[in-house]
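There are two complexes below, and they share chain A, which is joined by chain B in the first and by chain C in the second.
Then we have the complex of A and B:
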């Protein structure tokens, strides 16, 4: 394709932001080279738009009206506001790791007593250190996607977690992203989780805004490698403020007989996109991804998953549920690739959308690319309104229209939420869904 | 004052008039059976009383304790004491029966200005009622009617009836899909709920059910209106002679 990319004003502003931020970005030598290459790639690609297939439903040229400059390091007032947010988003029994406006906040984080086999550093530390293997892994993502490239260029901080062979920290790790900026700003974070062999951990990521914080833009990325025989339970909750913008990318690789159990719920942010590439690179690995979108107003939320079955005997299950009210727009794109060698792959994907208003929109795009001949692959997609006969049954039993709808919506998303293994985290997702339903009533 | 008073009710669905001037009076403590061939409008009547959408009332009125029932939302009718036991109770995957029962009971209590039952008090009441009706606890933990047999679904309806304590129960084709043993169990449940301050309207195609739930009055419906009323002996008469005579009469 030979398209001359006409740069939008937003695209230009992002280019300027890199020039301004360059001096502040951690890492020299090879890291600086990788950033420059990534930035050049972003410059070539420009902001993703609807003629780029992967971004068909999320045209950033129209959705991203302006680009904010890189958030300043949080000052005392910003940390104070973030501290308040920490108190209202505390989860019992987890180890909290806090990023405020894209910068690690040691005083709000719990980094003591890590125990054997768990190492946690900041992205800054790792990039300024001499650990070239980790640095290579951090910059492993290709620059083919403009937003991943931009993130590679601009990432200021993040959390780098290493779990040694055989280690399984009991406490879930909670990476809490707090926007606390007093003026509109952008945050660029990159985190990494490296699980050794026969290890296990639960990782929670949540995105929130401190009280009173309005417009901001989150650009996050997460790189995960799950060693042979290891298990990662991963829960993400997007509860950003209603003026926020959140573009997050994840790159996950599974070793042999590794297990990845994933849950994502988006109820916040004005525009959000979560794009993940999950690669079954070791035989016998298993992936379960569950997603829920709870949207109203004019929210736009896009979940784009690429499941890459590269080797034989792996299984994947994708379940996605969208509840869309008012004039909101939900997008699910699920692509499954089964490589020629990946015989005996068992891959299934089911996506269902519930439209609560005439103007709500849900786009489901399943794509199966199968190059092996002995596989079980399937997908299904449904879109519809709440079942009138169920609503009448509940109303005939005394539930008001809103109560009846709420009960059916809870049931609709419940199947995905049930997949969360950890009780506390499952309850957390249930209450997040309940908050959304109550705000609606 | 009658508990339920239906006067000259005309109802249409889309372009078809289904009820053409139906009248019926039910007092507290009475059990009325409504019989009639398929298509006579029996189920339409039950749906209109419960407030199902898609039915257009073009004439007449329904008074419940003297109040205009047709002006009320379905949930208001439930809170006032109207209960419809569905012919085909729906399955609601993902909603645990206990959650459903508690939500419904408390919604009705709230609408009546009563305090909501807290979970322990509710559980006690629900288990008590379930034990009385031989409903195993396991059934209460499952999704509403999900994977229930026909008999279990009907028992779940009766359980709700017992729990919500309505003053008017409409039983729509309670016998459909039940074998004789399941029918007996369901009928025992219904009989246990007969009381001087509760009325029942039993809608059925077959006389069989009325051997177990013996009515005080029997009405024959044909082509959208009541064409004959009498005592319980009318049901036996119908069993012998069939509905044909009434179809001709209507």
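Then we have the complex of A and C:
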């Protein structure tokens, strides 16, 4: 129904926040214009709600009760708290880049000895610089999605990584988002990764809260371009605090014979949404996306993927696993588009949900949109409880109810986790899943 | 893999330019003035000599409709419909009061003969007169209700059905003769406020079929309705209401055709099914409205709301549809599985060619305990057509033990068409077990293994399994099209996509 969108309190509060924050946002001239256009688009669209098809299962009008004001630049105390968080979230052998409350923290990051072919700058630097090509890429996402538009308007900082042709930094890069604000606040970040031709890198993104930090809102976006013949391994871990709100968007473009291997695990945040658009723009490119949702309490987590096969001879695999306990709500929306010329596309998508409680909810929407005839595309979706006979088998062998369940759940999510190529990161994901299971028992 | 040659040829055979039912019958007709207003609604109601409560019901729907906007979410594109530029009522002009089949305008009878629909029951009856004690005749008989533009012109086998207690008559007669049943069930499955097209239908529906099967009765023959749009610029709005009382069974068939015309015609029907305890309704459709020519000119806009309510425990509703016609199809035959242990089924073959656009599927709403549903959908797109499957399966909190299996395959023939799948799977109950399959090799591994072990190829085995699901339903379709449809079902699954 075409009801005139009545603005909610939250929607209004966000508008006010922009007005207040405007002076603080980096970038002038064209950048400022783009921000204004993005904000106007957001104003027009309003907060996404269930009548907008893409947001059908994640109605922000009801899930986002209030909008917090833009987080202040972290003070000494905030950085202190963040420092402690860094210690407990350090991954060995990985280069750390830390954003505290949406602002790059150089003292907590490792930016020395980058080596040839790797350049790392902050979003602030790039926006205040005169590199208009990079700025155009940073604002390339269309303003058709309200939350992406809002992010374009409000992004305060982020990390801009450029990897030259043929370069392949050995150390994975870890962008660590830490919420350290003393009062409830919102953070808007935008990062960019540009991989040249025949290059390769591993990127980890994780979202955590410092000790004692309760309510906060993360609005993040990531823009990735993968050059011809390059490979990106990307791991995301949403381990936000239990009162947090996380809306993240990603736009990924693959060149010819490029390879994108992606893994996302959501175990934190009270309301979270990850929306990604992945475009196979070069022939022979390959995409593997894997996702795991581990939810309990009243968590709500939404993964929305759009895979666009724009050219022939590309392959994609999507695997999604949701484990939903208590009154949690897991959403998976996967859409595969095969454009008219994209012959010989091979696309598969499998989503499975495991409901552990009678009040849990899992919604799956695996969509196929196919305009080419010589393709093999398929999708599957299942929803159900743990198999009683398998549980019985394990119980008969002396395992407790919880142990048996844990073992089966581990196997259930294992298929998605084992796709992570990097051993350290795979172990990290496995132990994160284990921690969740232990907390359950 | 591209489609095999055999499949390509079969689809070509039903190509839009070879539409066989495109002739027009020249008869005088009686029309309501063009346009839609409260007066039009009152005119239709008066034409049907309806009681006051019915007029009030229609007007309420009309007023509601004025506040609604056309749904836009389906993947179909068509120019805006001017609802004031349509005739909402058109009836073949009666030469005099019709009392028997012989007095019906011979042109209309000829039309139905051309369509291969047996309205002359006499000959059929002669052959099957039976004495007491004799076995039931082997010959299959079908009771037909023929709807020509806005009115029902003939209903056959009325007397014999009456003996069994089955009421089968035009809904306009039922409103007069069985107001208690109509009042109780009309709008109880598809409320007048349901959606734009259903609301429009509630306001202006002119005729349709009404079926009531009393408790414990197995309807002695197939019931069927043939819809024919003949008049120019006419919208056809029929309404079908079928009630299967406790422990009864009925199988109902529906066929539709229309003449070839360059302008688009609107068809917005509503079908409501109610199955009480232990009852079963089998509803089959062969939809062959004029699809427009190969340039995309003309054709029927088919906006249909079909819904079955498994109201009683152990009830069952099965939808079978073979969709080959219409320029635009917007149709989601659904099952509300309210009664415990109730079962819903949806078997569909949707074939689109030329410039046809199909957005069709089903909804299975699991509300009762141990409810099961099965969805088998096959979409075949050729030419420049767009074929979308859109389906919803949902289990509510209290629907423990809900079970669904969905398989939807699409086949693309040519590189100018599109096939899309939009399933919504919503589980709010941990004991609900939902499977959505698009990969044919996974339908049932052990059955496939059994077949392949006996020398069938994987593909033949899949064909066999799929055929087994639908065959018995399709075989009961009385038109020669059933043969065609069955061939289509056996289409090689080679090159199919989810």
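Please note the rule applied: the second predicted complex is superposed on the first by the 438 of 441 C-alpha atoms of A that agree within 3 Å, B and C clash if a C-alpha of one lies under 4 Å from a C-alpha of the other, contacts with A are read in each partner's own complex, and residues count from 1 in each chain.
Just so we're on the same page, a contact is a pair of C-beta atoms (placed from the backbone, for glycine too) under 8 Å apart; a residue touches a chain by one contact, two chains touch by 3 or more.
Keep in mind that what you see is a predicted model, and the values were worked out from it rather than measured.
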item	value
Clash or fit, chain B versus chain C on superposed chain A	fit
First, second, both or neither for A:421, with chain B first and chain C second	neither
Contacts of A:168 with chain B and chain C, given as first, second, both or neither	neither
First (chain B), second (chain C), both or neither touched by A:411	first
First, second, both or neither for A:367, with chain B first and chain C second	second
Partner chain(s) touched by A:403 [first = chain B, second = chain C, both, neither]	first
Which of chain B and chain C A:393 touches, first, second, both or neither	first
Touched partner set for A:91, first chain B, second chain C, both or neither	neither
First (chain B), second (chain C), both or neither touched by A:382	second
Winner by number of chain A residues touched, once chain B and chain C are compared	C
Overlay on shared chain A, then closest C-alpha pair between chain B and chain C (Å)	15
Residues of chain A that lie at the interface with chain B and also at the interface with chain C	none
Residue ranges of chain A touching chain C (in the complex, touch as defined)	1-2, 53, 340, 343, 348, 353, 355-385
Touching residues (chain side chain A, partner chain B) in the complex	387-390, 392-401, 403-404, 407-408, 410-412, 414-415
Complex interface listing, chain C residues touching chain A	1-3, 68-69, 73, 397, 410, 412-439, 442, 495, 497-498
In the complex with chain A, residue positions of chain B that touch it	50-53, 73-75, 77-79, 84, 86, 89-90, 92-95, 99-100, 103-105, 107-108, 111, 143, 160, 164
